[in-house]
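Shared between the two complexes below is chain A, which has chain B as its partner in the first and chain C in the second.
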Partner chain A sequence: MFLQQLINGISVGGVYALIASGYALIYSLLGFSNWAHGEVCMVGAYVALMSVSALVLPFPLAALAGIGGAALISLFNERFLYRRIRENKSPTMFLMIAAMGLSTVFQNGVMLLFGSKFQMFPTVIPITSISAGNIRIGVLDVMSLAISAAALIVMEFLIQHTKFGLGVRSVASNSYTASLLGVNVDKMLAAVFILAGALAGVAGILLGLKYNVFPTMGNVGLKAFIASVFGGLGSVRGAILGALIIGVAEIMVAGYLNSSLRDLITFSLLIATLLIKPSGLMGIHVEEKA
Partner chain B sequence: MMLKRTMAAALTLSVMFAAAGCGNSTAPGGGNGGSGGSGQPAVAGDPIRIGYVSALSGDTALWGQAGLNGMLLTAEKINADGGVLGRQIEIVGLDGRGDPQDSVNAYNKLVDENKVVAVVGTNFSSCNIPMASVADQKKVPLIATAASNELVTVDESGKLHPYSFRLCFIDSFQGTKMAEYVLNKGYKTAAIIVNQGDSYSTGVADFTVKAFTAGGGAIVANEAANSGDNDYRAQLTKIVQAKPEALFVPWIYSDVALIAKQAKELGFEGQMVGFDGWDSYELGTMAEGALEGAFFCTRPGFSLPEAKAYGEEYQAKYNIGLEGECLFGNDGLMWIVQCINETGSADPQAIRDALENTTFFKGLIGEMSIDPATHNPVRELAIFEIKGADNVFIEMFK
Partner chain C sequence: MISDYTQGIIILVCINLIIVLGVSILTGFTRLFSFGNAGFMSIGAYASALLTTRLGIPFLPAVLAGALAAGFVSFLLGSLTLKLKGDYFLITTLGFGECVRVLFNYIEPVTGGAKGLAGIPKHTTLAVAVFSALLAIALAWTFIHSRYGRGLTAIREQELAAESVGIDVTKHKKISFVFSAMLAGWAGALYAHNLMFLSPVMFNLPRSAELTITVVIGGLGSLTGSVLGSLLITLLPEMFRSFANYRMFFYGLAVVAIIIIRPEGLCGYREFSLSRLLKFFRRKAVKGGGAG
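Presenting the complex of A and B:
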């Protein structure tokens, strides 16, 4: 049973990881927690859902549309809100407050447009599982883990091994110096928002496939945020590690202790991280950016 | 309690439709009563006035107006057949707006000004609980429709509200009956997953477990979870490993779909069993086949032949969508009429006594008797089975 619960936990953590890495990416550049990130997932899920149900696109195309939609919304947030706040030279806190506002605007906007009803994708993968001995893994979970892993690997590659990635890292390190050295900071930020948005879109669609699509589904972003704090704000690898640990911890708590302790333990972990090791598992120089 | 949750859920889904639809579905006589209640006391030869309180405006007017329409339609038929005790029936509907204070005011007005002999309504426990105390003072019987909270007919200490009755079964009743049904079907071991933050779920679960164990069955796993977690595999893994023959799921349908899918993924092959929280036309589709063959209990809706015929008549007259609440309207009125006919008196006190001593009443939602100690109906449950995307009516279970 322990092994089965471990697998359940990794499958929960895998989706957290996609969202958490988006938090980490944006935090590493702008030094603020993008509270609207969970809603970007939700918008991605709705775009994909509408592409399937209203436009009758085949699922793979609809998924691409969803990922694109989430990337666009994420870019929209940057272009029309966050950039403006930066140009006004407002405190970083303003970014976070604006993001909180956006999050509610998106939730309520979607509620108005589509109602708060649970909606679902047509059956993409029938409910089956692979069993090995006593252990069963849902085919959808295997797919979702594989897709999460692939998306995260692509992102790591982009950040670590491309010229674009170098630009991003230079802005993350010091945006002023980077701009002096000829890096177009606004362009880099736009690109990062698109990347984070696309990851959120993937997460939104996977979440939608697993748990249905509804306006408040982006609230899962809160768990992902905790994962990124736990892993180290601004560290993408830390965020992924944190997400997997939190996913497993939640399942173990619900499985072996009591499910009402599930959120309590996750949030206690958040507080403990901030008190004991504010830089998280893999973060650096948090004081400067917080 | 239960109904309020489902309604809230259903409503948020369809606020826009409701808002658009309500205007059209206004009952004849509309918000302020079927016909003008004068201030005169009732005398023989006058019509027998029967009141109705529910939300006739606002978010939940869809149900309120359906209940009133049902009463008006049935009253029209009774009157065409010569009325009751030679007198005509007159329905006076007042808008309680789904609000406790407005509902109490409406009840008072019906009793004080319209001189009604009995009142049907509402469908909300939150409204009926304060109305019950007022009815005790005014001594005019009140029959709730879908209000399923225990406190609608008894107070906190379990003392009976002598003038409060209800048509719907309460949460604990369906728990007990469903445990019996599952035992009758030959299942000896069962597991249960409970939504621990929801009193509907915990209430149903307590009575299910008690009755299942008392009937000789064994509960091999009793797991708690929270709605909104969305991932129930930690608990379901434990349940699957305990190998129960049946799994009780006293949850609201959107969670039920998730639970069913995850249980199936984890290899659960037993019988899934549900309650009236499952009663949604979307459940079969949402569960993507994971609930095939699962059964649940609820109200029969328009499944019984008499109810089906009534529904057709109702639609022909009002030309609006069918809502189960119109059956409650009919049954409330017919039950009162049965009591008036039995006692030969349209006096509120006589009606109350007859309501309390009802040993058999057959309405459009099935047969029932009344437990004089609690004023809760002992009634048949409708069993539905999920086949494909549909909930198929199987039988009435006594």
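Presenting the complex of A and C:
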């Protein structure tokens, strides 16, 4: 029983980690929390769903379309909105307000287009479970865990071991110095938004397979965001660790205590983190520059 | 004289106005972005409603108690979190708002849980609402033009500079936070006794977001802008019923557009004044006359 819950928790945490690492990446570069990131994930799920049901594409192609769609939306946000706000030299708070407005637009726009009903993916992954001894684990959960892990490893490789990753890390460290040294900051930002969007798209499709697709599914971004705060704002590895811990904690609370307490635990964890160690598990404490 | 329907709308405008003024002071004048004001509203609403329904306490002390309860909680929260900078403060208010909502859902014996709290007496009449709104405007105006208010504006413009000329930044922020929470609690108490029913879902995250949206549309740093903003946001869906479904979509678009094109919002940093309006028209007239 415990082992089963643990694996389920890690599987949920893996999906949170895909979104949370996007928050962390963007925060590390721009120093703001991209509230619209959860909606990017939702858009990805809808694009994939529409590709399957309206265009009758085979599922793997539809999934690619969904990931691409999410990446495009994410890039759109950066190119046409966030960049202009930065160029206006507006305070960071304005980026957050704009992101909040964007998430309202996406959520309600999708609701107007497709209605607020829950929509199902056709069964692509069998809804069976593997039994070993007295534990039963859903095939979907195992697949989801494997896919999240693979996507996160690819991202980690891109950031740590490629020239692109070096550029990103240099911008995160100091964007002004990086631009003096010939790094094209805007290009790096665009690439990071694409990467974060693609990861969110993967998460959106996995969530859609598990819990169906609906306009407010982007609210899961809130959980992922909390995970990234818990792990330390701006730290990708911290975000992944935080997401796994939150995923496991949620499943355990729901399994052993009371499912209505699940969210309370998550939010209390958030406030406790901020009060005890605002820099999170793996964050570096940075004083805000005036 | 005035139909029930119109009265209902005026009451709604007044209630929204009170809470938006609080958000305006916090976001527009102190540049603290909060997602917790719906939470404070719910504290005021539940506190006052429980007092009048369960303990039979009269309306006026109940409203006061609602505002004070919200203020007290915000004081505690502010003491803990206002030293945190930028994003971190916002995140704690967000966590707080959601915690309050989940708690009200969970303590079902007291609050009625998700099924809601019914049977609250109707005390918020037109006169009460209008009087409250006028009083709130007067209070907010006085506050903004007091020493503390000017301190807040200084903090908004440049926190470090404000600190270096001797403004106690944390204290000022705390005053602003408590003031805005008390307005929210007050509005919540009126809301409870207008609707006669409460449910935790009414105070969710989108509700807090809508408040910030109203302030941004009215103009960050303008009280009269916030008044206009809340009029607009409350009246539009009433006047155009078919608009109601699209409203959040367009509000979101409006916010994004305003932040990009005209970050100062409808009214900018200016307050609406009759003399400026007259001057504007006179100038127009002169121009028109010159051309003709």
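As a convention for this text, the second predicted complex is superposed on the first by the 286 of 290 C-alpha atoms of A that agree within 3 Å, B and C clash if a C-alpha of one lies under 4 Å from a C-alpha of the other, contacts with A are read in each partner's own complex, and residues count from 1 in each chain.
Keep this in mind: a residue touches a chain if its C-beta (ideal position, glycine included) is under 8 Å from a C-beta of that chain, and two chains touch if they have at least 3 such contacts.
Because the structure is predicted, anything quoted here is derived from the model rather than measured.
Applying the stated contact rule after C-alpha superposition, one finds that A:175 touches neither chain B nor chain C.
Contacts of A:148 after superposition on the shared chain: neither chain B nor chain C is touched.
When the two structures are aligned on the shared chain, A:5 is found in touch with chain B, with no touch to chain C.
In the superposition on chain A, contact of A:260 is made with both chain B and chain C. Counting residues of chain A touched by each partner, chain B versus chain C, the larger count belongs to C.
Contacts of A:28 after superposition: neither chain B nor chain C is touched.
Applying the stated contact rule after C-alpha superposition, one finds that A:102 touches chain C and leaves chain B untouched. By the touch criterion defined above, A:93 lies against chain C but remains apart from chain B after alignment on the C-alpha atoms of chain A. Of the two partner chains, neither chain B nor chain C is touched by A:51. In the superposition on chain A, chain A positions 260 are in contact with chain B in one complex as well as with chain C in the other. Contact residues of chain A toward chain B in the complex are 1, 4-5, 8, 11-12, 111, 115-118, 120, 123, 126-129, 131, 136, 138, 140-141, 210-212, 220, 250-255, 258-260, 262. Partner chain C is touched in their complex by these residues of chain A: 31-33, 81, 84-85, 88, 90-94, 96-98, 100-109, 112, 219, 222, 225-226, 229, 233, 260-261, 263-264, 267-268, 270-271, 274-275, 278, 288, 290. Residues 31, 33, 80-81, 84-88, 90-92, 94-96, 98-99, 102-103, 105-106, 158-160, 205-206, 209, 212-213, 216, 245-246, 248-249, 251-256, 259-260, 263 of chain C touch chain A in their complex.
Interface residues of chain B, counted against chain A in their complex, comprise 12-16, 196-197, 223-226, 229-231, 233-235, 237-238, 241, 254, 257-258, 261-262, 264-267, 285-286, 288-290.
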